[in-house]
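First the structure, in the form of structure tokens, and then the observations on it.
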Amino acid sequence: MRRTLPVALTFIVGVTAMINTYFVNPSLAAFCTRYLARTSTVSSAWAVGLGTLNLMRIHIRRINRRQDNWQYSVSLVVTYVIFLFLGVFLVGHQNNHFFQAFFNSIQPHLSSTMFSVLCFYIASAAFRAFRMRSMEATMMLLSAFIIMLGNVPIGAAIFPPMPQISDWIMNQINTSSLRAMSIGLSMGGIAQTMRNLVGIERGHLAAE
Amino acid sequence: MSVDRWRKFIHMDKRIIYLIMCIGVVAPMFMTFGLPITVERPMQDFFNVIENLPPDSIVVVAHEASPSQISEFKPMLICLMTHIYQKGHRIVIQSFWAQGNALALEWSKSAFEANGMIYGTDYVCVGYRTGLTAIMDGARTNYINAYSDRDHYGNTLSTMPVMRGFEKASDIGLVVIFTGGSPGVGEYISNWQSRGDVMNMIACAAAVQIPPEMVRYQAGMLQGICGGMSGAAQYEKIMGMPGSATSGMDSQGIGHLTIILLVILGNIGYFIIRNAEAKERASRDAAVS
Amino acid sequence: MFDVPTTWSAFLRGDIGNWIGAFLTLAIFSILWKENPIYRWCEHIFVGSTSAYSVVTTFSSTIKTGVQTNMIQNGDWWEIIPICLGLLIYFQPFPGYRWISRFPTAYWVGYNAGMGLTIRTFMPLLTYARTSMLPLIVTTNGAFDLMASFNNTVFVGSLFLTLLYFFFSFDFIARQQWILSGGRWIVMLAFGASFGTTVMSRISLFLGRAEFLLGDWLGILPK
Amino acid sequence: MDIASLREGLASALGGWLATDANNRLGLTTVVFVIYYASCNAYWIFKARGNSPLRKLRRIAGLDAIDEAIGRCTEMGRPVLYNLGMDGLSSSTFASLAILSYVAIRVVRYDTRMITVTRYASVLPVAENTVRQSYVEGGKPDGFRIEDVRFLTSDQFGFASGILGITVRESVAANLMFGYYYAESLIFAEAGFESGAIQIAGTNNNSQTPFFIPACDYCLLGEELFAASAYLSKDRIRTATLVAQDLGKLFIAVLMGLGVIFTTFGSNVIQNLMTLF
């Protein structure tokens, strides 16, 4: 019962949400958006709390036991507490001007810098891995090469038809192959979801 | 180079690669090479749409962007604001991304200052609101009411000269959508275009967003596209005002070339080492037998 | 509940904001040299601040509106059910009662699985099929169009080769070496092209940061 | 055959209750396909319950390498890092959870440490349960350490920076990344390379696979990620669903093949039949 009931809940909720989209039935559709979807949104909001409890537990334990890097955990917990305090007690919560200004003086810089580190990683990954070791690697290297040259004016300056060749690869090979892969991926995703829905895979249920 | 040198080269510290890449990208910011830029069809169409607008039109600039798009969108905004102003149209900036409005004002500041454009007369920013569908829907009957008669700074919209004759979405002459993801072009098309309010739509797309917007361009939903940094550079070229995108394209060119050269050299090294090792093995086998 | 003067926000948006931004930017870039204390410190700040931010936004936009607006103002008392269901997840850490926390998880898995099997998940498959039905022999104005025919043949050929490569349980296909290697080559060509197109946007990102550091912060960029 | 009148008849018969799409008119075809796919599943699952031998699966190198990666961690005494991907409870995360339970059982058996990370808090309890279950099945229920299943933040690059730090500081020896990834894929892969880990990755985001291929030792291409659950568990019913999945693709391939043949000879019958309602 402790195992069957959750599996049944999964199945009933899932099938209702699914069936709804196949048929035109205003009352079922209204039920789904009003109750099913809302329940999912509201109840999963609590998970965020569980997540941060996990985060805090790890770092507070690290501080208590003076494990490696505990000083950094202090800064994490302090930042967390400051932001939580401001967010909870400032008027308007996350829409408060100071909360926004404070968050925006930190997050966008960190986030876009972390993102832009990729500019260097992409260069080093290309240098390290693009070797003509096998036919496959050569294929990947060649097309990346042509596309890169086709994308910048320098490519056309070196070899005038380069943009056309790169367009051809994009339109004929990239599009078609990715389309075939998307077909496979959707089918795979569907099969995987179905296994979870009918309870063939139930690893997500808590152990006793 | 000897085989050992090559071996050292292909196993070089990746920090050297980072450094080369950094120099390759940053150096052109200080000295522009002026690599050739050709204006492509989608960009020419983009330009022509603005050229052919009836005078004194209202142009909505939907700046659906986040800070990381600065290098692509800032030069586009500068050209776009100048272009629209020179053609004698009025600009209304809006955005459904939390930071989009403030970013649009900040990034186009130099264009506003250079042209002497006046807030409230030549351009206005209506600010961020949540509830995209409700607002876009409301704007179809009364734009000012949908934005509760307040602009980005909390001033009254309806008394501003820039808003004269602008009641509902169908009064808009053109929507320019800056798009870096969702919400983006799709929302404007489904809310305003497919319901017949505004037919004229052009897009400024971040590089990652070019392929889906191209599909819309080919389907005729968008009349023109200014795509990525190369689009911005083309715009600067047509407008005759070279700026950060033109030098950015030099950076792009050198950056791409750096990666390409690294890959070529890496492969040359790889083949030289492989040949040397094969020879070594052959001579060792010969010695054994 | 309290508020602070707007000058505080203006202060953060001014020059001091540029200095904070520059420091954080350089700290993150320092990871390229090696993992170091300054990066580590920034990383922890990053995780702490964004984590708290997501707690604040989620609770105030979902649970607070649920309780304050929907339940108390509009009298929609049924929302107590999802709130209680969500709360059950907090039984997770207690061994004897852990099974209770299965109910919210089961609900989420069920709802998400259901949304993953809607008609909209199946439709694109058939849209792809329909839009890929290209004629292999194209005639333009009554004359045979070699280029278009060749393009369509390549398109359909690489589509089918890729599709066949991903059949797992068909022994017949698994024995055809030409499908396995041909399919893999096509896939690699496609992935190489995707790699090549992405380089541009990554360089743009770094250019953005470089402009911030050299222009907004140091002000040494030529105008 | 008069397509137009057929269309009209179907529209008046089905219009009130069967959902479709005004532009594509694929409603009926989709339902036919769903019924076909469901019956394939039913048939093969029924068959799998018997004793008749099922079909053999094609080899997937990336999945075979998982054992090697865990073995190496055990030898070196360094942890495994398991990344559940950047998506909430979607199909890719489900697939990743299936691989996680396989990996976790081996980790328990070899007494190796494994750090599991997830971006969304709603995945956290699910991941925790999966790992805990493996410890129970492995006979070491007390060996489970709650701090090894971690949530950091749902901010995309905040999470990426955190994982980058963990990978390098804990000097992981195997970096397993399965699930949906966005642009940060290369950050994880470079971090794993930096710490000298064996890296195996698989994502259903085709625009990120090109970054995993050069940076990782093994990379699952496309839907190999979804085949993993059946492939690793060797469970008969899961294999049956995989066969049904292949049959679903076969349907589309045959449809497409017919379409190509018909259009080549100048007839649009297949397209018209597909878009009746």
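Labels for the chains are A, B, C and D, by order of writing; each one numbers its residues from 1.
The rule we apply is simple: a residue touches a chain if its C-beta (ideal position, glycine included) is under 8 Å from a C-beta of that chain, and two chains touch if they have at least 3 such contacts.
Only a predicted model underlies this, so the values are computations on that prediction, with no experimental measurement involved.
Participant: Spell out the chains that contact chain C while also contacting chain D.
Facilitator: Looking at chain D and chain C together, the chains touching each of them are A.
Participant: Looking at chain pairs A-C and A-B, which one is connected by more C-beta pairs in contact?
Facilitator: Comparing A-C with A-B, the pair joined by more C-beta contacts is A-C.
Participant: Name the chain with the Cα centroid closest to the overall protein Cα centroid.
Facilitator: Here the chain at the core of the arrangement is C.
Participant: Taking the mean of the CA coordinates per chain, how far is chain A from chain C in Å?
Facilitator: Spacing between the chain centres: roughly 4 Å.
Participant: Could you tell me the distance, in whole angstrom, between the mean C-alpha positions of chain B and chain D?
Facilitator: 33
Participant: Using mean CA coordinates as chain centres, what's the chain A-chain B distance in Å?
Facilitator: Centre-to-centre distance between chain A and chain B: 23 Å.
Participant: If you average the CA atoms of chain B and of chain C, how many Å lie between those two points?
Facilitator: From the centre of chain B to the centre of chain C is 20 Å.
Participant: What parts of chain B, by residue number, touch at least two of the other chains?
Facilitator: 18, 25, 67-68, 230, 252, 255-256, 259
Participant: Indicate the residues of chain A shared as contacts by at least two other chains.
Facilitator: Residues 21-22, 44, 47-52, 55, 69, 107-108, 110-112, 114-120, 122, 124, 126, 128, 130, 140-141, 144-145, 148, 151-152, 178, 181-184, 187, 189-190, 193-194, 196, 204-208 of chain A touch two or more partner chains.
Participant: Among the residues of chain D, which ones contact at least 2 other chains?
Facilitator: 19, 31, 34, 90-91, 94, 122, 125-126, 128-129, 146, 152-155, 157-158, 161, 169, 206, 210-211, 213-214, 221-223, 227, 242, 249, 252
Participant: Would you identify the shape of the chain contact graph, picking one of line, ring, star, complete or other?
Facilitator: Shape of the chain contacts: other, as it matches none of the listed patterns.
Participant: Every pair of chains that touch: which are they?
Facilitator: Inter-chain contacts occur between A-B, A-C, A-D, B-C, C-D.
Participant: List the residues on chain B that touch chain C in their complex, please.
Facilitator: 15, 18, 25-26, 29-30, 67-72, 74, 206-208, 228-230, 244, 248, 251-252, 255-256, 259
Participant: Tell me, which parts of chain D touch chain C in their complex?
Facilitator: Per the stated touch rule, the residues are 19, 21, 24, 26-27, 29-31, 33-34, 55-58, 60, 88-91, 94, 122, 125-126, 128-129, 146, 152-155, 157-159, 161-162, 164-165, 168-169, 206-207, 209-211, 213-214, 221-224, 227, 231, 239, 242-243, 246, 249-250, 252-253, 255-257, 259-260, 262-264, 266, 270-271, 274-275.
Participant: What does chain C use to touch chain D in their complex?
Facilitator: Residues in contact with chain D: 28, 31, 35, 39-40, 42-43, 46-47, 49-51, 53-54, 89, 92-93, 101, 104-105, 108-109, 112-113, 116, 119, 122-123, 125-130, 132-137, 156, 159-160, 163-164, 166-171, 173-174, 184, 187-188, 191-192, 194-195, 198.
Participant: Touching chain C in the complex: which residues of chain A?
Facilitator: Touch residues, chain A against chain C: 2, 5-7, 9-18, 20-22, 35-52, 55, 69, 72-73, 75-84, 87-91, 93-94, 96-103, 105-110, 112-120, 122, 126, 135-137, 139-148, 150-152, 166, 168-184, 186-187, 189-190, 193-194, 196-197, 204-208.
Participant: Touching residues of chain C toward chain A in the complex: what are they?
Facilitator: Counting only chain C, the residues touching chain A are 1-4, 6, 8-10, 12-13, 17, 20-21, 24-25, 28-29, 31-32, 40-64, 66, 78-79, 81-83, 85-87, 89-90, 92, 98-99, 101-122, 124-125, 128-129, 132, 151, 154-156, 158-163, 166, 181, 184-200, 202-203, 205-206, 208-209, 212.
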